[in-house]
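Paired with chain B in one complex and with chain C in the other, chain A is shared by the two complexes that follow.
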Partner chain A sequence: MCARCLEVSRRSLMLGGGAVAAALHTGVANARIRPQDMVPLIGPGYRPTERDELGLWKEMERVEEEVAGSNLLITDPKLTEYLQNLIGTVGGPAAKDFRIYLARIPEFNAMMFPTGFAVVFSGLLLRMRDEAQLAGVIAHEAGHFLRRHMIRSWRDEKRKTDLFSIGAMLAGVGGAGAGVYLGDYVQLAQLGTILSLFSYSREMEAEADAMGIRSLAQAGYEPMAMSTIWQQLIGEEEASARYRGKHRRKGSLFDTHPSEGTRMADLKADALELTVPGKVYDRHRERYLSTIGPIRPMLLDDQVKLNDPGASQYLIETLAQDGWDGLLRFYEGEVWRLRNRPGDEPRAAQSYAAAVAYPDAPADAWRWHGIALMKQGRSGEAKAAFARYLKMKPDAPDAAWVRQMAG
Partner chain B sequence: MRRTSLAVAITASLLSSACVQTRQYADVQFAPPSGDYKLLVLRPDVTVGSLTTGGMVEPRADWTEQARASITAALRAQQAARGGNVTIIEHRNQLTGVSEQELADIERLNFAVDQSIVDAKYNGNGLPTKRRRGLDWTLGADAVKLGQKTGYDYALFLHAEDAVASKGRVALGLIGLAGCFIGFCAPNVGGQQQLDYASLVDLRTGKVVWFNVVAAGSQVPGIKFGDLRSSEGAAQMVERLLGRMKPGRNVQQAEKR
Partner chain C sequence: MRSVAVLVVALGLSACSSLGGEGFGYSDYSLVRAKRVSVGDGSLVVTAPQPWNRHRPIWFGDIRQVEDWTQNGATLDGISFVTGLKDGKSLVRQRRTASQQVPIFRSNMTAPEVAAMIESLYRVRGGSVDFKTLSLQPRPFLNTSGFQLDYEHLDDDELWRRGRAVGAVIDGKLYMILLDAAKAHYFDATLPDFESMVASAQVRRG
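Here is the complex of A and B:
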């Protein structure tokens, strides 16, 4: 804050900054938050009344207008209605107040905004194996709103930065008055402030998990579904890192979310606690798959084009644990073909050949199967595959070229 | 004694360190609109917040509403004085004959173009292809189509954000100021921060013909310069931002001859 301070003699003094740093480290919880302790803090039709929250809501009006009008949104009415119903099922008292938007972004993510609208990324729909898992993520997001996390974390941040600024200023002025330099303590306090902000954020995430799994179980979904999401995500990140010759990133003090391993373990313990023996829980796999069916090829296509073959392969194999089909086999082939390492070409050819054996093989599976056969010199079979492709997709942009190949 | 007088001198210089900067660019062929023109102002983006003790900006719904109303009124008055016919829309569904999606596309395109202008003209990442060519950016055919559909000559995009120092922030500055007398002088923790920018698009050609930024900030909390919430402050901002539109280089040279 001022250059001159450096000339003042450095005498240790447990004052100001250091004390502030210590004071800030209160209420940092690392213990598991139990679902039964999580009660919604708001009722239906919640509207803010306090000044800071009113301001936050005002600012969000324009954000929601921007999100609602974004050209990244998937606006298929059947899908949006499905998501809206889902958040209505696990949304507790605010069920009817939520709005939910689906954005075409091939990443694992979903977010809740302070005014009760959520954005779900299409990459999430690809990764979820059944409705129970998707409902778990949505219940987590709804939990942020029900527990008023945005305004609470805002107030926490405001309180801590206020305290830090006053503490730092008093340390500077007081220190100068006493003829000592407290700069080191001020820096310590600053680090303390920053760290406590992150840990507060982690605590909120843990709360949302606990709130979410409680809503999930209440709605009759299999509570264990939420823990398996993290198991899948860890597996995917490890596969992705392994392929790139790196290690999966482990948690640090600066994480805004608890580590995936912690979340998985806590949610598993929660699930065991919440499961009522003898009660039948649903996962609704069939209903989920038939709803996202029409966009699943697009979701897979977006994923394999991310150039992350480790993750893509892991994802496809995870989804295939519920049974292989023509679509998954085709995209397995695409992962190999696009990776293009030695030995990948025959691997891809095998996947395409396996794909076309299923009745639901996409047209492109026939196309690439044909090309693979052509390369192997099996032109007769290749022509049959091309003919099948053209029959399924007569208006394909490359129809003329394929026709020529088919001779 | 010597230390005290030095502190007073520093304080005096800091107190006057509140500054307002504005820098505008124009298309070389740009002549400021005058006479009977039709101007469309698309969703003025106004936010006013409170600068907390710790330096965060807390949005304030009531202040934002007040400021938006004051700015809208000031804009109407100022443009009317130039002979313009102004329409200000607040939501994307208020423009007849144009779908919300079309308007959203235009806004997003303009935002991207504005970012490019700021990057090249204000952040020092000048583009070699645009050197010495004035403001050379366009929204292209979509903007022309908007003009044809609606009959407007110009579209104005306006952004204004203001953070007013809270009592706590002012107090923090005062403690820092008090410290000047004992050798820890830090009144300059940062006070009011205002950022306004506007871009004018000629809907007959699609070009961004004029761009201006007003940045006003004070290092010392408690020093104010134009409060957007009041009608005088809003009028002052509109005047700073839009009042002194300069013609483009070619037009200026032609005028000199």
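Here is the complex of A and C:
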């Protein structure tokens, strides 16, 4: 039906192989790694000296070139500067060496590459409720670099010779398929293989958590922010699965991470250890919201139009814990409209009606409100809503259609 | 049927996924000659101004009311015919348990709702990260009042593609012809054929 449905679905088919490769790493849960035991293994301006790592860096420089030139990047200078400052705050000794890129991909994800550049997915910005949470994820990613996880896991793999041959093969498949998106940054199969070999062990994930929360606390953010990220991720995945009548999906990127429940518990314990009684912590919610504010409608749009009603509704309700507004009510309506089960049409209509009562209702809320009214046979009110829409958005791409309706 | 599908995947045959993507089987292309041809489930007839390639699934897994053609390969261009999609059906076959779903068609849908359905199709199944509606306007189609949607989308292969869909809901069923092609060169190159087929389209009654 769409030209590339074919190709994309073939890649998601291969995702199965990636999950197997990842499964090889999952062992039994380890004891909690304490933040105070986590010291950075590298200093400022780190450069590799050994041959294998030099080779790896060379490859990664090509990957970074690809990433930096990608048209999937959001290059808004205010946003990129904000992210760069954040990693500069929680990046420990390497703070000044990191590069950070923001990719327009509506998924909960971020990743650190072996040479110290990170890619943050736009879906992450939608899900974080304040700066402390975002800083937590970034500190975790920086932790991987500070603890030299990439080269350590690479060498680890090579030692396990038998496993390597099978693992490399599966990982090759996984690499090509795993990132339904990542694969596009890295078009060479060889690089895909290299990347998929960087699936971190549970222990490394636990280390990055401990390292990250330590940096987070040192930077003055509320340490408890980090465990709430996992709480939200678990909640979202469960909500999504429940809608489709299945168990929480396995084989997601976070599968190789220690099970989210364990991580959440460990991070809570870490946070209690690190919290200094009487000290005032700030989560910088206002600063966060004012920075991402201009792209928030786009972030919501990208998520909701994926028609994953369980996840989207959970996300909207999570964000609404800080207060409902016209934008959130509008997208709540969009979730029901796209789901389109019996009874969803009136449900969506109610949300649109609620949305337009807020002063910040987006123009699109007025259009959908108008369409809902028209379908209910309330043509007078519908025309007024359409008129309001056209007034707010005179150059709307569908103005010709709306004008005919408002006729 | 499902166990057969699993078997095919397990054996690692070079199975092409069908356009629906959720069923698996063999598929190939066959020549469409420059003449009057019926498409989809046979209820729509168009005149191809020059030869095209019809993507023909041999096995199962496709929607009978949807047929896809291409000139230079699916990555570069494609024309799809939707020939009377019924209420409650979607443009592609999908698993009920897939977390992201292409919205289903409802016979009372207005043009913006059909447009939103198309947008989600690209986002859910086409890997689009950005989708811009360029215009949505009334346009007569199949001797009734229909719509024309123009759009462009950035896909995860970092290519901008452009599309035009012309459609109408007749007796509660969706009829639509859709062109989707790389924005650079291929859209403009295939647009005249598309327009000529839209103009020649007729519903075959009975």
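By our rule, the second predicted complex is superposed on the first by the 332 of 407 C-alpha atoms of A that agree within 3 Å, B and C clash if a C-alpha of one lies under 4 Å from a C-alpha of the other, contacts with A are read in each partner's own complex, and residues count from 1 in each chain.
What we mean here is this: a residue touches a chain if its C-beta (ideal position, glycine included) is under 8 Å from a C-beta of that chain, and two chains touch if they have at least 3 such contacts.
Treat the numbers as computed from the prediction; the structure is a model and nothing was measured.
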Discussion item. With both complexes superposed on chain A, which partner does A:Asp322 reach: first (chain B), second (chain C), both or neither?
Written reply: neither
When the two structures are overlaid on chain A, which partner does A:Leu306 contact: first (chain B), second (chain C), both, or neither? second
For this session: Have a look at where A:Arg62 lands relative to chain B and chain C in the superposition and call it first, second, both or neither.
Result: first
So, A:Gln404: does it touch chain B (first), chain C (second), both, or neither? second
Identify the partner contact of A:Asp52: answer first if only chain B is touched, second if only chain C is, both if each is, neither if none is. first
Winner on chain A touched-residue count between chain B and chain C: chain C
A:Asp360 contacts which: chain B (first), chain C (second), both, neither? neither
Note: overlapping chain A surface for chain B and chain C spans 1-2, 4-5, 8, 70-71
Interface with chain C, chain A side, in the complex: residues 1-10, 13, 70-72, 104-106, 180-181, 184, 240-241, 243-246, 249, 302, 305-308, 310-311, 337-340, 367-368, 371, 374-375, 397-398, 400-401, 404-405
Interface with chain B, chain A side, in the complex: residues 1-2, 4-5, 8, 51-52, 54-59, 62, 65, 69-71, 154, 157-158, 160-166, 169-170, 172-173, 175-177
In the complex, the residues of chain C that touch chain A are 9, 16-22, 63, 66, 68, 70, 74-78, 80, 91-92, 96-104, 106, 108, 110-113, 115-116, 119-127, 129-138, 147, 150, 154-158, 160-161, 180-181
Residue set of chain B touching chain A in the complex reads 45, 47, 49, 52-56, 58-62, 64-65, 91-92, 100-101, 104-105, 108, 168, 172, 175-176, 178-179, 182-186, 189
